[in-house]
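Below: a set of structures, written as C-alpha cells.
After this come two complexes, each holding subunit A, first together with subunit B and then together with subunit C.
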Partner chain A sequence: MGLEWMVLALIGYMVVAALIAVEASDLLSSVIALGAAGFGLSIINLLLGAPDLALTQVVVEIISVVLLVRVVLTRRDTSVQTHRGALRTAVVMLGGGLILAAAFFAFGGLTGGAGPEAVPPFGQPVLVHKAGDPVPPGAAAAYVEGAVKQTGSANAVMAIVLDYRGYDTMGEAAIIFIAIMGVYTILRRVGRSKPHAPPGKEQTP
Partner chain B sequence: MGITIYLLTFLLLLVAVYGIVAKKNIVKIIVSLAILDYALNLLLVLVGYRTGGKAPILSPGQSTEQFVSSAVDPLPQAMVLTSIVIGLSIMALMVAMALRLHEKYGTFDMEHIRRLKG
Partner chain C sequence: MSERRTGMTSIVMNTTKLVTGLIAVFGIYIALTGHISPGGGFAGGVILAAAGVLVVLAFGGKFSQRLVTESHTHVWDAAGAAGFLVVGLCGYFTGGFFMNFVPLGKVHKLFSGGMIPLSNLAILVKVGAGLLGAFLALSAFRPTSGPLHKPDMES
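So, the complex of A and B:
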C-alpha cells in the first residue's frame, strides 16, 4: 500500500509541475517545470516495475529539455501572459469535467471494475486467463509465457519490442528517421538565403 | 485508491489540454503537448500494473508460472517505450518549426503568425 501512496503523491507532484509549466510567466521556468514533471514520471515508472521505461524517460527528458532551452534561452517574447478568450477556457473546463466523469465510470468508479467491458481495476491486470474469469485474456499472456522459450530473452519487455512486435519497432525507427529528415529540412540554410544570385538577375540587398 | 490514481492521471491530461487550447504562445503549446504525452504514457503503465508486482524480467531459476503470477504486464510497457521515443521525435520537429517561425516573424505569439491562415 505504501507504494501506491508514493505513486499518488508523485502524480500529484506531476500535476503541480504541469500547472506551473502551463501558467509560468517566463518561458524558461515553463521548460524547467516540464523537466521536473518528466523526472517525476521517470520515478513513477521505476516504482511501477518498469525500469526500461524509467531509463528511456530520463534520457528523453534531458534531450527534450535541452532542445526547448535552446529555443527559449536567447529569444525574447512578450506573448507569454496572453490568453485566448474566456469562452474557450470555459469550454475546456466543461469538457474536462465531462472527461473526468467519463473516466470515473469507465474505470469502474461505481462497480469496482466488474463486467467484461470495464477496464480491470488498478493492480489487477488481465495477464492470464483463469477459469470463470469474465474478462478474456490479453495478448500479453502469450507473450509472457513464450518470452523465454521462444525468444530466449529474460526481459519480457525487450522480447516484445524486438521480437514479437518487431514491425512496430521498425515503424518507430522509420518515424525517427522521417522526423530527423523533417528537422533538417526545416532548419537548413541552403536555398533560403541567397548568397549566390541566380544568373541574369540582379542581387537585391 | 486505484480510481484516485486514474482520476489524478486524467487531471494531468486535462491540464495539458487546457494549456493547448487556452495558450497563445507556441512554446507553451509544445510544453503542453509534452505533458499530454506523459499523461497518456503514465495511464498505460498504470493499467498494466499489478499490486506488488515486479519488473517483467526473469530471475535465474524462476519458473514461467512464477513469472506470470508475479510480473507486471509487459505489453503496455513495450508500447509506451515506442511512444516515448516517438514523442521525442515529434517534439524535435515542433521545436524546429517554432525556431523557424520565430526567425520569420520575431515572436512566438500565435496571433501574430497570421500569414499561415488561408
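So, the complex of A and C:
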C-alpha cells in the first residue's frame, strides 16, 4: 500500500509541475518545471521496478532541459505571449482526464479484468506472471522463462529489446535517425540563399 | 560576457576538464554492460552526448569547432545506424533477420549475450553522435530573417 501512496504523491507533484510549465509566463520557469515533471516520472519508473527506463528517462531529461535552456536563454526576448482562458484549459484537461479514466476502468483497471485485452492489476506487470492471475500468460511468460537460456543476456529487458524484438528496435532507431536528419535539414546553413542579397546575386541552390 | 572570451568562467572550465572524461567513460560503460545490468545503448549514448554538450557549453562554440563539428556527427550518426543494420543483416545471412549469430557465452560475463553488446555499441555511437549533432545544430543556429531575427543577437 505504501508504494501506491508514494506513486500517487509523485503523480500529484508531476501534475503541479506540468500546470506550472503550461501556465508560467517566463519561458525559463516553464523549462525548469518541465524538467521537474520528467524527474518525477523517472522516480515513478524506479519505484515500479523499471531501472532501465528510469535511467534513460533521467539522462534524456537532463539533455532536454540543458538544450531547452540553451535555446530559450539565447532567444529570451522572442517569447510570445498568448492568453488562454483558464476556463477553457480546465474544461479540456478535465475532459481528457475523464476519457482516460473511463477507458482505464472499462478495461478493468484497478481490479484486473478478464480476457487478453484487459489491463493487469496495478503494480503487477505483465512480465511477472503468477499462477492465479486473471490475465493469461502470452509471449511475455515465454520471454521471461527463456531469456537467459536463449539469449545469454542477464538483463531480460535488453534480451527482449535487442534480441526477441530487434526488428522493432531497428524501427525506433530509424525514427531517431529521421528526426535528427530533420533537425539538420531545417537548421542547415549550407545551401541557403542570403536573405537580404540584391536580386541577381542570389545563390541558386 | 565579453565578445573576445568564449565560454564560461575558469571554475566551470577546470571542473569540466576534470569530469568530462569520467562522464564519457561512464556512458560507454553503461552501453557495454547493458546486457548485464540496467542501462543499454540509448542511455549510454545520451550520457556520451551529455559529455560533449558539457564541453561545448563550458568552452564555447569557437573552441569546440576544432574538436567536433556537425559534419563529424553526421558521419558517426550514419555509421551507427549502418552498424545496427549490419548486425541485423549478419543475422539474416545466418538464419533470420536479427537472429543471434554470435556464440552466447557465459551469462553475467562481459562477452555474453551474443549480438546484444554489438547492437548496444552501434546504438551508443548512433544516439551519442545524433544528439550531439542536434545540440550543435540548435546552439549554432541564428535566425537570419523572419520574426525571430534580431541583429544584435550575436552572443
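Please note the rule applied: the second predicted complex is superposed on the first by the 143 of 205 C-alpha atoms of A that agree within 3 Å, B and C clash if a C-alpha of one lies under 4 Å from a C-alpha of the other, contacts with A are read in each partner's own complex, and residues count from 1 in each chain.
Going forward, a contact is a pair of C-beta atoms (placed from the backbone, for glycine too) under 8 Å apart; a residue touches a chain by one contact, two chains touch by 3 or more.
Owing to the predicted nature of the structure, the values given are computational and were not obtained by experimental measurement.
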Quiz item: Touching A:Gly96, do we find subunit B (first), subunit C (second), both, or neither?
Solution: first
Quiz item: Which partner does A:Leu187 reach: the first (subunit B), the second (subunit C), both, or neither?
Solution: both
Quiz item: Touch check for A:Val15: first (subunit B), second (subunit C), both, or neither?
Solution: first
Self-check item: Touching partner for A:Pro51 - first (subunit B), second (subunit C), both, neither
Solution: both
Exercise. Return first, second, both or neither, reflecting whether A:Tyr167 touches subunit B, subunit C, both chains, or no partner chain.
Key: second
Quiz item: With both structures placed on chain A, which of the two partners, subunit B or subunit C, ends up touching more residues of subunit A?
Solution: B
Practice problem: With the two complexes superposed on chain A, say which partner A:Ile62 touches: subunit B (first), subunit C (second), both, or neither. | Solution: second
Exercise. Share the list of subunit A residues that count as touching for subunit B in one structure and for subunit C in the other.
Key: 51-52, 56, 60, 63, 67, 70-71, 75, 77-78, 148, 154-155, 157, 159, 161, 169, 176, 180, 183, 187
Practice problem: Spell out the part of subunit A that touches subunit B in their complex, as residue ranges. | Solution: 1, 4, 7-8, 11-12, 14-15, 18-19, 21-22, 27, 30-31, 34, 37-38, 41, 44-45, 48-53, 56-57, 60, 63-64, 67-68, 70-72, 75, 77-80, 82-84, 88-89, 91-93, 95-96, 99-100, 103-104, 107-109, 119-125, 127-128, 138-141, 143-145, 147-149, 154-157, 159-161, 165, 168-169, 172, 175-176, 179-180, 182-183, 186-187
Quiz item: In their shared complex, at which residues does subunit A touch subunit C?
Solution: 51-52, 54-56, 59-60, 62-63, 66-67, 70-71, 74-75, 77-78, 148, 150-155, 157-159, 161-163, 166-167, 169-170, 173-174, 176-177, 180, 183-184, 187-189, 194-196
Quiz item: Quick one: in the complex, what on subunit B touches subunit A?
Solution: 1-19, 21-25, 27-28, 30-32, 34-35, 38, 41-42, 45-51, 53-58, 64, 67-69, 71-75, 77-82, 84-93, 95-100, 102, 107-112
Quiz prompt | Residues of subunit C that touch subunit A when the two form their complex | solution = 30, 34-40, 42-43, 46-47, 49-50, 53, 57, 70, 74, 77, 81, 84-85, 88, 91, 97-98, 100, 104-108, 112-116, 119-120, 123, 126-127, 130-131, 133-135, 137-141, 144-145, 147-148, 150, 153, 155
